[in-house]
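Note that the chains take the letters A, B, C and D in the order they are written out, and that residue 1 is the start of every chain.
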Amino acid sequence: MGQQHGYIKADDKDKLQNRLKRIEGQIRGLQRMVDEQAYCIDILTQISSSVSALEKVGTIVLQDHVEHCVRHSIENREDTEQKLQELTAAIERFLKV
Amino acid sequence: MGQQHGYIKADDKDKLQNRLKRIEGQIRGLQRMVDEQAYCIDILTQISSSVSALEKVGTIVLQDHVEHCVRHSIENREDTEQKLQELTAAIERFLKV
Amino acid sequence: MGQQHGYIKADDKDKLQNRLKRIEGQIRGLQRMVDEQAYCIDILTQISSSVSALEKVGTIVLQDHVEHCVRHSIENREDTEQKLQELTAAIERFLKV
Amino acid sequence: MGQQHGYIKADDKDKLQNRLKRIEGQIRGLQRMVDEQAYCIDILTQISSSVSALEKVGTIVLQDHVEHCVRHSIENREDTEQKLQELTAAIERFLKV
(Lines give C-alpha, C1' and ligand atoms only; values in the text may rest on other atoms or scores of the structure.)
Protein backbone atom coordinates (compact mmCIF):
# COMPACT_ATOMS: atom_id res chain seq x y z
CA MET A 1 0.00 0.00 0.00
CA GLY A 2 3.06 2.21 -0.53
CA GLN A 3 1.21 4.77 -2.60
CA GLN A 4 -1.23 5.47 0.20
CA HIS A 5 1.60 7.06 2.13
CA GLY A 6 3.02 10.43 1.51
CA TYR A 7 6.55 11.57 1.81
CA ILE A 8 7.66 14.73 3.47
CA LYS A 9 11.34 15.44 4.00
CA ALA A 10 12.34 15.22 7.70
CA ASP A 11 13.44 18.87 7.59
CA ASP A 12 10.19 19.96 6.01
CA LYS A 13 8.12 18.05 8.54
CA ASP A 14 9.25 20.31 11.40
CA LYS A 15 8.96 23.37 9.22
CA LEU A 16 5.41 22.41 8.23
CA GLN A 17 4.36 21.66 11.81
CA ASN A 18 5.70 25.03 12.97
CA ARG A 19 3.86 26.80 10.19
CA LEU A 20 0.64 24.89 10.90
CA LYS A 21 0.90 25.67 14.63
CA ARG A 22 1.26 29.36 13.76
CA ILE A 23 -1.73 29.18 11.40
CA GLU A 24 -3.78 27.47 14.13
CA GLY A 25 -2.85 30.40 16.38
CA GLN A 26 -3.99 32.83 13.69
CA ILE A 27 -7.35 31.05 13.39
CA ARG A 28 -7.85 31.17 17.15
CA GLY A 29 -6.84 34.84 17.03
CA LEU A 30 -9.57 35.36 14.44
CA GLN A 31 -12.15 33.80 16.77
CA ARG A 32 -11.08 36.22 19.49
CA MET A 33 -11.19 39.15 17.08
CA VAL A 34 -14.74 38.26 15.99
CA ASP A 35 -15.71 37.83 19.63
CA GLU A 36 -14.25 41.16 20.72
CA GLN A 37 -15.65 43.08 17.73
CA ALA A 38 -12.22 43.88 16.35
CA TYR A 39 -12.18 46.25 13.43
CA CYS A 40 -13.32 44.43 10.26
CA ILE A 41 -10.32 45.56 8.25
CA ASP A 42 -7.97 44.07 10.87
CA ILE A 43 -9.91 40.80 10.68
CA LEU A 44 -9.61 40.83 6.89
CA THR A 45 -5.86 41.46 7.10
CA GLN A 46 -5.47 38.50 9.44
CA ILE A 47 -7.52 36.30 7.08
CA SER A 48 -5.39 37.27 4.05
CA SER A 49 -2.28 36.51 6.05
CA SER A 50 -3.60 33.07 7.11
CA VAL A 51 -4.55 32.26 3.50
CA SER A 52 -1.04 33.11 2.29
CA ALA A 53 0.51 31.06 5.09
CA LEU A 54 -1.66 28.05 4.16
CA GLU A 55 -0.81 28.38 0.47
CA LYS A 56 2.88 28.48 1.38
CA VAL A 57 2.41 25.22 3.32
CA GLY A 58 0.71 23.84 0.21
CA THR A 59 3.65 24.65 -2.04
CA ILE A 60 6.08 22.97 0.37
CA VAL A 61 3.97 19.78 0.38
CA LEU A 62 3.61 19.99 -3.42
CA GLN A 63 7.36 20.34 -3.88
CA ASP A 64 8.10 17.32 -1.68
CA HIS A 65 5.39 15.37 -3.49
CA VAL A 66 6.88 16.17 -6.91
CA GLU A 67 10.48 15.63 -5.83
CA HIS A 68 9.76 12.34 -4.15
CA CYS A 69 6.48 10.58 -5.09
CA VAL A 70 6.11 11.81 -8.66
CA ARG A 71 9.79 11.36 -9.39
CA HIS A 72 9.83 7.88 -7.87
CA SER A 73 6.76 6.92 -9.88
CA ILE A 74 8.38 8.06 -13.13
CA GLU A 75 11.73 6.43 -12.37
CA ASN A 76 10.02 3.15 -11.58
CA ARG A 77 7.32 3.49 -14.24
CA GLU A 78 4.75 2.82 -11.53
CA ASP A 79 1.33 4.46 -11.72
CA THR A 80 2.84 7.39 -13.57
CA GLU A 81 -0.34 8.38 -15.43
CA GLN A 82 -2.30 8.42 -12.19
CA LYS A 83 0.38 10.37 -10.34
CA LEU A 84 0.52 13.03 -13.06
CA GLN A 85 -3.24 13.33 -13.24
CA GLU A 86 -3.50 13.68 -9.48
CA LEU A 87 -0.85 16.37 -9.55
CA THR A 88 -2.64 18.45 -12.19
CA ALA A 89 -5.94 18.00 -10.38
CA ALA A 90 -4.37 19.20 -7.10
CA ILE A 91 -2.96 22.30 -8.82
CA GLU A 92 -6.35 22.99 -10.41
CA ARG A 93 -8.05 22.75 -7.03
CA PHE A 94 -5.60 25.34 -5.70
CA LEU A 95 -6.27 27.67 -8.62
CA LYS A 96 -10.01 26.85 -8.50
CA VAL A 97 -10.13 26.51 -12.28
CA MET B 1 -12.69 55.75 19.18
CA GLY B 2 -15.78 54.24 17.57
CA GLN B 3 -14.07 53.54 14.30
CA GLN B 4 -11.68 51.14 15.98
CA HIS B 5 -14.60 48.79 16.45
CA GLY B 6 -15.97 46.59 13.80
CA TYR B 7 -19.47 45.55 13.25
CA ILE B 8 -20.59 42.04 12.55
CA LYS B 9 -24.26 41.18 12.43
CA ALA B 10 -25.39 39.07 15.41
CA ASP B 11 -26.43 36.28 13.03
CA ASP B 12 -23.13 36.38 11.20
CA LYS B 13 -21.17 36.29 14.43
CA ASP B 14 -22.35 32.75 15.24
CA LYS B 15 -21.98 31.71 11.63
CA LEU B 16 -18.40 33.04 11.57
CA GLN B 17 -17.47 31.40 14.86
CA ASN B 18 -18.80 28.06 13.63
CA ARG B 19 -16.87 28.38 10.41
CA LEU B 20 -13.69 29.40 12.23
CA LYS B 21 -14.05 26.46 14.66
CA ARG B 22 -14.35 24.13 11.68
CA ILE B 23 -11.28 25.70 10.03
CA GLU B 24 -9.34 25.33 13.29
CA GLY B 25 -10.30 21.64 13.22
CA GLN B 26 -9.06 21.39 9.62
CA ILE B 27 -5.71 22.94 10.58
CA ARG B 28 -5.31 20.52 13.48
CA GLY B 29 -6.29 17.74 11.07
CA LEU B 30 -3.47 18.90 8.79
CA GLN B 31 -0.98 18.63 11.66
CA ARG B 32 -2.11 15.06 12.26
CA MET B 33 -1.89 14.27 8.56
CA VAL B 34 1.68 15.59 8.34
CA ASP B 35 2.55 13.67 11.49
CA GLU B 36 1.08 10.40 10.22
CA GLN B 37 2.56 10.73 6.74
CA ALA B 38 -0.81 11.02 5.05
CA TYR B 39 -0.75 10.97 1.29
CA CYS B 40 0.48 14.37 -0.03
CA ILE B 41 -2.46 14.77 -2.39
CA ASP B 42 -4.89 14.32 0.52
CA ILE B 43 -2.98 16.97 2.47
CA LEU B 44 -3.17 19.31 -0.52
CA THR B 45 -6.92 18.74 -0.85
CA GLN B 46 -7.41 19.61 2.82
CA ILE B 47 -5.30 22.76 2.39
CA SER B 48 -7.34 23.91 -0.65
CA SER B 49 -10.51 23.29 1.29
CA SER B 50 -9.26 25.32 4.31
CA VAL B 51 -8.21 28.18 2.02
CA SER B 52 -11.68 28.30 0.44
CA ALA B 53 -13.33 28.19 3.86
CA LEU B 54 -11.16 31.09 5.07
CA GLU B 55 -11.90 33.13 1.97
CA LYS B 56 -15.62 32.54 2.50
CA VAL B 57 -15.24 33.88 6.05
CA GLY B 58 -13.45 36.87 4.54
CA THR B 59 -16.32 37.68 2.18
CA ILE B 60 -18.85 37.52 5.04
CA VAL B 61 -16.77 39.98 7.09
CA LEU B 62 -16.30 42.18 4.02
CA GLN B 63 -20.03 42.22 3.33
CA ASP B 64 -20.86 43.23 6.91
CA HIS B 65 -18.14 45.86 6.78
CA VAL B 66 -19.51 47.37 3.58
CA GLU B 67 -23.14 47.16 4.65
CA HIS B 68 -22.50 48.69 8.03
CA CYS B 69 -19.23 50.61 8.49
CA VAL B 70 -18.73 51.88 4.94
CA ARG B 71 -22.40 52.70 4.53
CA HIS B 72 -22.51 54.49 7.89
CA SER B 73 -19.41 56.47 7.02
CA ILE B 74 -20.92 57.62 3.71
CA GLU B 75 -24.31 58.43 5.21
CA ASN B 76 -22.68 60.52 7.91
CA ARG B 77 -19.88 61.89 5.73
CA GLU B 78 -17.40 60.70 8.33
CA ASP B 79 -13.95 59.49 7.26
CA THR B 80 -15.39 58.37 3.94
CA GLU B 81 -12.15 58.72 1.98
CA GLN B 82 -10.28 56.66 4.54
CA LYS B 83 -12.99 54.00 4.69
CA LEU B 84 -13.03 53.61 0.90
CA GLN B 85 -9.25 53.46 0.67
CA GLU B 86 -9.10 50.84 3.43
CA LEU B 87 -11.72 48.80 1.60
CA THR B 88 -9.84 48.81 -1.70
CA ALA B 89 -6.58 48.00 0.09
CA ALA B 90 -8.24 45.04 1.85
CA ILE B 91 -9.57 43.69 -1.45
CA GLU B 92 -6.12 44.10 -3.04
CA ARG B 93 -4.54 42.16 -0.19
CA PHE B 94 -6.99 39.33 -0.83
CA LEU B 95 -6.22 39.33 -4.54
CA LYS B 96 -2.49 39.88 -3.84
CA VAL B 97 -2.26 42.48 -6.59
CA MET C 1 -31.51 54.08 -16.98
CA GLY C 2 -28.66 55.85 -15.14
CA GLN C 3 -27.63 52.73 -13.25
CA GLN C 4 -26.86 50.89 -16.46
CA HIS C 5 -23.91 53.20 -16.92
CA GLY C 6 -20.68 52.90 -15.11
CA TYR C 7 -18.38 55.60 -14.02
CA ILE C 8 -14.66 55.57 -14.51
CA LYS C 9 -12.59 58.61 -13.62
CA ALA C 10 -11.23 60.38 -16.73
CA ASP C 11 -7.67 59.78 -15.50
CA ASP C 12 -8.34 56.11 -14.86
CA LYS C 13 -9.90 55.65 -18.29
CA ASP C 14 -6.59 56.30 -20.05
CA LYS C 15 -4.72 54.29 -17.48
CA LEU C 16 -7.11 51.35 -17.95
CA GLN C 17 -6.96 51.52 -21.75
CA ASN C 18 -3.16 51.52 -21.65
CA ARG C 19 -3.15 48.56 -19.32
CA LEU C 20 -5.71 46.68 -21.43
CA LYS C 21 -3.69 47.37 -24.61
CA ARG C 22 -0.62 45.95 -22.89
CA ILE C 23 -2.57 42.88 -21.75
CA GLU C 24 -3.90 42.39 -25.29
CA GLY C 25 -0.27 42.44 -26.46
CA GLN C 26 0.61 39.83 -23.83
CA ILE C 27 -2.21 37.56 -25.03
CA ARG C 28 -1.05 37.88 -28.63
CA GLY C 29 2.46 37.20 -27.40
CA LEU C 30 1.14 34.01 -25.80
CA GLN C 31 -0.35 32.90 -29.13
CA ARG C 32 3.05 33.41 -30.77
CA MET C 33 4.79 31.55 -27.95
CA VAL C 34 2.43 28.55 -28.30
CA ASP C 35 2.91 28.67 -32.06
CA GLU C 36 6.70 28.78 -31.87
CA GLN C 37 6.90 26.10 -29.17
CA ALA C 38 8.34 28.47 -26.60
CA TYR C 39 9.49 26.87 -23.39
CA CYS C 40 6.44 25.95 -21.25
CA ILE C 41 7.82 27.67 -18.17
CA ASP C 42 8.18 30.93 -20.13
CA ILE C 43 4.58 30.58 -21.30
CA LEU C 44 3.45 30.01 -17.71
CA THR C 45 5.36 33.09 -16.52
CA GLN C 46 3.68 35.21 -19.19
CA ILE C 47 0.26 33.83 -18.16
CA SER C 48 0.86 34.63 -14.47
CA SER C 49 1.91 38.12 -15.44
CA SER C 50 -1.22 38.66 -17.59
CA VAL C 51 -3.45 37.39 -14.78
CA SER C 52 -1.88 39.85 -12.31
CA ALA C 53 -2.23 42.69 -14.82
CA LEU C 54 -5.93 41.86 -15.33
CA GLU C 55 -6.55 41.68 -11.60
CA LYS C 56 -4.89 45.07 -11.19
CA VAL C 57 -7.29 46.47 -13.83
CA GLY C 58 -10.11 44.89 -11.83
CA THR C 59 -9.13 46.64 -8.62
CA ILE C 60 -8.98 50.03 -10.39
CA VAL C 61 -12.51 49.50 -11.78
CA LEU C 62 -13.69 48.29 -8.37
CA GLN C 63 -12.24 51.34 -6.64
CA ASP C 64 -13.92 53.75 -9.07
CA HIS C 65 -17.16 51.81 -8.70
CA VAL C 66 -17.08 52.05 -4.90
CA GLU C 67 -15.96 55.68 -4.83
CA HIS C 68 -18.54 56.80 -7.31
CA CYS C 69 -21.52 54.47 -7.91
CA VAL C 70 -21.75 52.83 -4.48
CA ARG C 71 -21.09 56.10 -2.69
CA HIS C 72 -23.66 57.96 -4.84
CA SER C 73 -26.22 55.23 -4.20
CA ILE C 74 -25.73 55.47 -0.43
CA GLU C 75 -25.73 59.28 -0.36
CA ASN C 76 -28.97 59.37 -2.36
CA ARG C 77 -30.47 56.27 -0.74
CA GLU C 78 -31.06 54.89 -4.20
CA ASP C 79 -30.85 51.11 -4.81
CA THR C 80 -28.36 50.80 -1.97
CA GLU C 81 -29.21 47.19 -1.10
CA GLN C 82 -28.79 46.15 -4.71
CA LYS C 83 -25.52 48.06 -5.10
CA LEU C 84 -24.04 46.48 -2.00
CA GLN C 85 -25.13 43.00 -3.00
CA GLU C 86 -23.69 43.44 -6.48
CA LEU C 87 -20.41 44.60 -4.96
CA THR C 88 -20.08 41.58 -2.67
CA ALA C 89 -21.02 39.25 -5.52
CA ALA C 90 -18.35 40.82 -7.76
CA ILE C 91 -15.69 40.38 -5.07
CA GLU C 92 -16.78 36.75 -4.55
CA ARG C 93 -16.47 36.09 -8.28
CA PHE C 94 -12.91 37.42 -8.14
CA LEU C 95 -12.07 35.23 -5.18
CA LYS C 96 -14.06 32.31 -6.66
CA VAL C 97 -15.63 31.55 -3.30
CA MET D 1 19.49 23.51 -26.80
CA GLY D 2 16.60 21.09 -26.56
CA GLN D 3 15.50 22.30 -23.16
CA GLN D 4 14.82 25.77 -24.51
CA HIS D 5 11.90 24.31 -26.39
CA GLY D 6 8.60 23.48 -24.91
CA TYR D 7 6.29 20.71 -25.78
CA ILE D 8 2.61 21.07 -26.27
CA LYS D 9 0.53 18.16 -27.54
CA ALA D 10 -0.73 18.72 -31.10
CA ASP D 11 -4.31 18.47 -29.85
CA ASP D 12 -3.70 20.93 -27.07
CA LYS D 13 -2.04 23.40 -29.41
CA ASP D 14 -5.29 24.03 -31.30
CA LYS D 15 -7.27 24.04 -28.09
CA LEU D 16 -4.89 26.59 -26.57
CA GLN D 17 -4.92 28.83 -29.64
CA ASN D 18 -8.72 28.80 -29.67
CA ARG D 19 -8.84 29.69 -26.00
CA LEU D 20 -6.24 32.44 -26.40
CA LYS D 21 -8.14 33.89 -29.38
CA ARG D 22 -11.27 33.99 -27.25
CA ILE D 23 -9.39 35.65 -24.39
CA GLU D 24 -7.96 38.22 -26.83
CA GLY D 25 -11.56 38.93 -27.85
CA GLN D 26 -12.54 39.35 -24.21
CA ILE D 27 -9.71 41.84 -23.66
CA ARG D 28 -10.76 43.85 -26.71
CA GLY D 29 -14.33 43.66 -25.42
CA LEU D 30 -13.08 45.14 -22.15
CA GLN D 31 -11.50 48.06 -24.02
CA ARG D 32 -14.84 48.73 -25.71
CA MET D 33 -16.68 48.46 -22.40
CA VAL D 34 -14.37 50.98 -20.74
CA ASP D 35 -14.72 53.25 -23.77
CA GLU D 36 -18.50 53.07 -23.80
CA GLN D 37 -18.85 53.48 -20.03
CA ALA D 38 -20.32 50.04 -19.54
CA TYR D 39 -21.57 49.31 -16.06
CA CYS D 40 -18.60 48.66 -13.72
CA ILE D 41 -20.03 45.40 -12.42
CA ASP D 42 -20.30 44.07 -15.99
CA ILE D 43 -16.67 45.05 -16.59
CA LEU D 44 -15.66 43.25 -13.39
CA THR D 45 -17.57 40.12 -14.44
CA GLN D 46 -15.77 40.11 -17.79
CA ILE D 47 -12.42 40.52 -16.03
CA SER D 48 -13.11 37.59 -13.66
CA SER D 49 -14.09 35.48 -16.62
CA SER D 50 -10.90 36.36 -18.54
CA VAL D 51 -8.77 35.58 -15.49
CA SER D 52 -10.38 32.15 -15.13
CA ALA D 53 -9.93 31.48 -18.86
CA LEU D 54 -6.23 32.41 -18.63
CA GLU D 55 -5.71 30.22 -15.58
CA LYS D 56 -7.35 27.32 -17.42
CA VAL D 57 -4.86 27.84 -20.29
CA GLY D 58 -2.12 27.82 -17.66
CA THR D 59 -3.18 24.45 -16.27
CA ILE D 60 -3.24 22.91 -19.76
CA VAL D 61 0.31 24.13 -20.43
CA LEU D 62 1.39 22.96 -16.98
CA GLN D 63 -0.09 19.52 -17.56
CA ASP D 64 1.69 19.11 -20.90
CA HIS D 65 4.90 20.37 -19.32
CA VAL D 66 4.70 17.83 -16.51
CA GLU D 67 3.61 14.95 -18.73
CA HIS D 68 6.29 15.60 -21.30
CA CYS D 69 9.25 17.75 -20.23
CA VAL D 70 9.37 16.89 -16.53
CA ARG D 71 8.70 13.23 -17.19
CA HIS D 72 11.34 13.09 -19.93
CA SER D 73 13.85 14.79 -17.68
CA ILE D 74 13.26 12.26 -14.89
CA GLU D 75 13.30 9.25 -17.21
CA ASN D 76 16.59 10.40 -18.73
CA ARG D 77 18.01 11.80 -15.50
CA GLU D 78 18.70 15.04 -17.33
CA ASP D 79 18.48 18.36 -15.47
CA THR D 80 15.91 16.86 -13.13
CA GLU D 81 16.70 19.13 -10.17
CA GLN D 82 16.36 22.22 -12.35
CA LYS D 83 13.12 20.98 -13.94
CA LEU D 84 11.53 20.30 -10.58
CA GLN D 85 12.63 23.64 -9.15
CA GLU D 86 11.29 25.48 -12.19
CA LEU D 87 7.99 23.67 -11.82
CA THR D 88 7.57 24.60 -8.16
CA ALA D 89 8.56 28.19 -8.90
CA ALA D 90 5.97 28.37 -11.71
CA ILE D 91 3.24 27.07 -9.41
CA GLU D 92 4.27 29.57 -6.71
CA ARG D 93 4.07 32.41 -9.23
CA PHE D 94 0.52 31.31 -10.06
CA LEU D 95 -0.46 31.20 -6.39
CA LYS D 96 1.55 34.39 -5.69
CA VAL D 97 3.01 32.90 -2.53
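Here is the rule we use: contacts are C-beta pairs under 8 Å (C-beta built on N, C-alpha and C of every residue); 3 or more make two chains touch, one makes a residue touch a chain.
All values derive from a computational prediction rather than experimental measurement.
Novice: Same or different, please, for the chain B to chain C contact, judged on whether over half of the interface numbers appear on both copies.
Specialist: Answer same: the two copies use largely identical residue numbers here.
Novice: Need the CA-centroid distance for the pair chain C / chain D, whole Å please.
Specialist: 18
Novice: Between chain A and chain D, what distance separates the C-alpha centroids? Give it in angstrom.
Specialist: Between these chains, centre-to-centre, one finds 22 Å.
Novice: With chain centres taken as the means of their Cα atoms, state the distance from chain B to chain D in Å.
Specialist: That pair's centroid distance is 29 Å.
Novice: Indicate the residues of chain B shared as contacts by at least two other chains.
Specialist: 52, 55, 58, 62, 87, 94, 96
Novice: Quick check of your reading of the touch definition: is the inter-chain graph here a line, ring, star, complete or other?
Specialist: Here the contact pattern is a ring, one closed loop where every chain has two partners.
Novice: Please name which positions on chain B make contact with chain C in the complex.
Specialist: Touching chain C: residues 52, 55-56, 58-59, 62-63, 66-67, 70-71, 74-75, 80, 84, 87-88, 91-92, 94-95, 97 of chain B.
Novice: Within the complex, which stretch of chain B touches chain A?
Specialist: Spelled out, the residues of chain B in touch with chain A are 3-8, 13, 16-17, 20-21, 23-24, 27-28, 30-31, 34-35, 37-45, 47-48, 50-52, 54-55, 57-58, 61-62, 64-65, 69, 86-87, 90, 93-94, 96.
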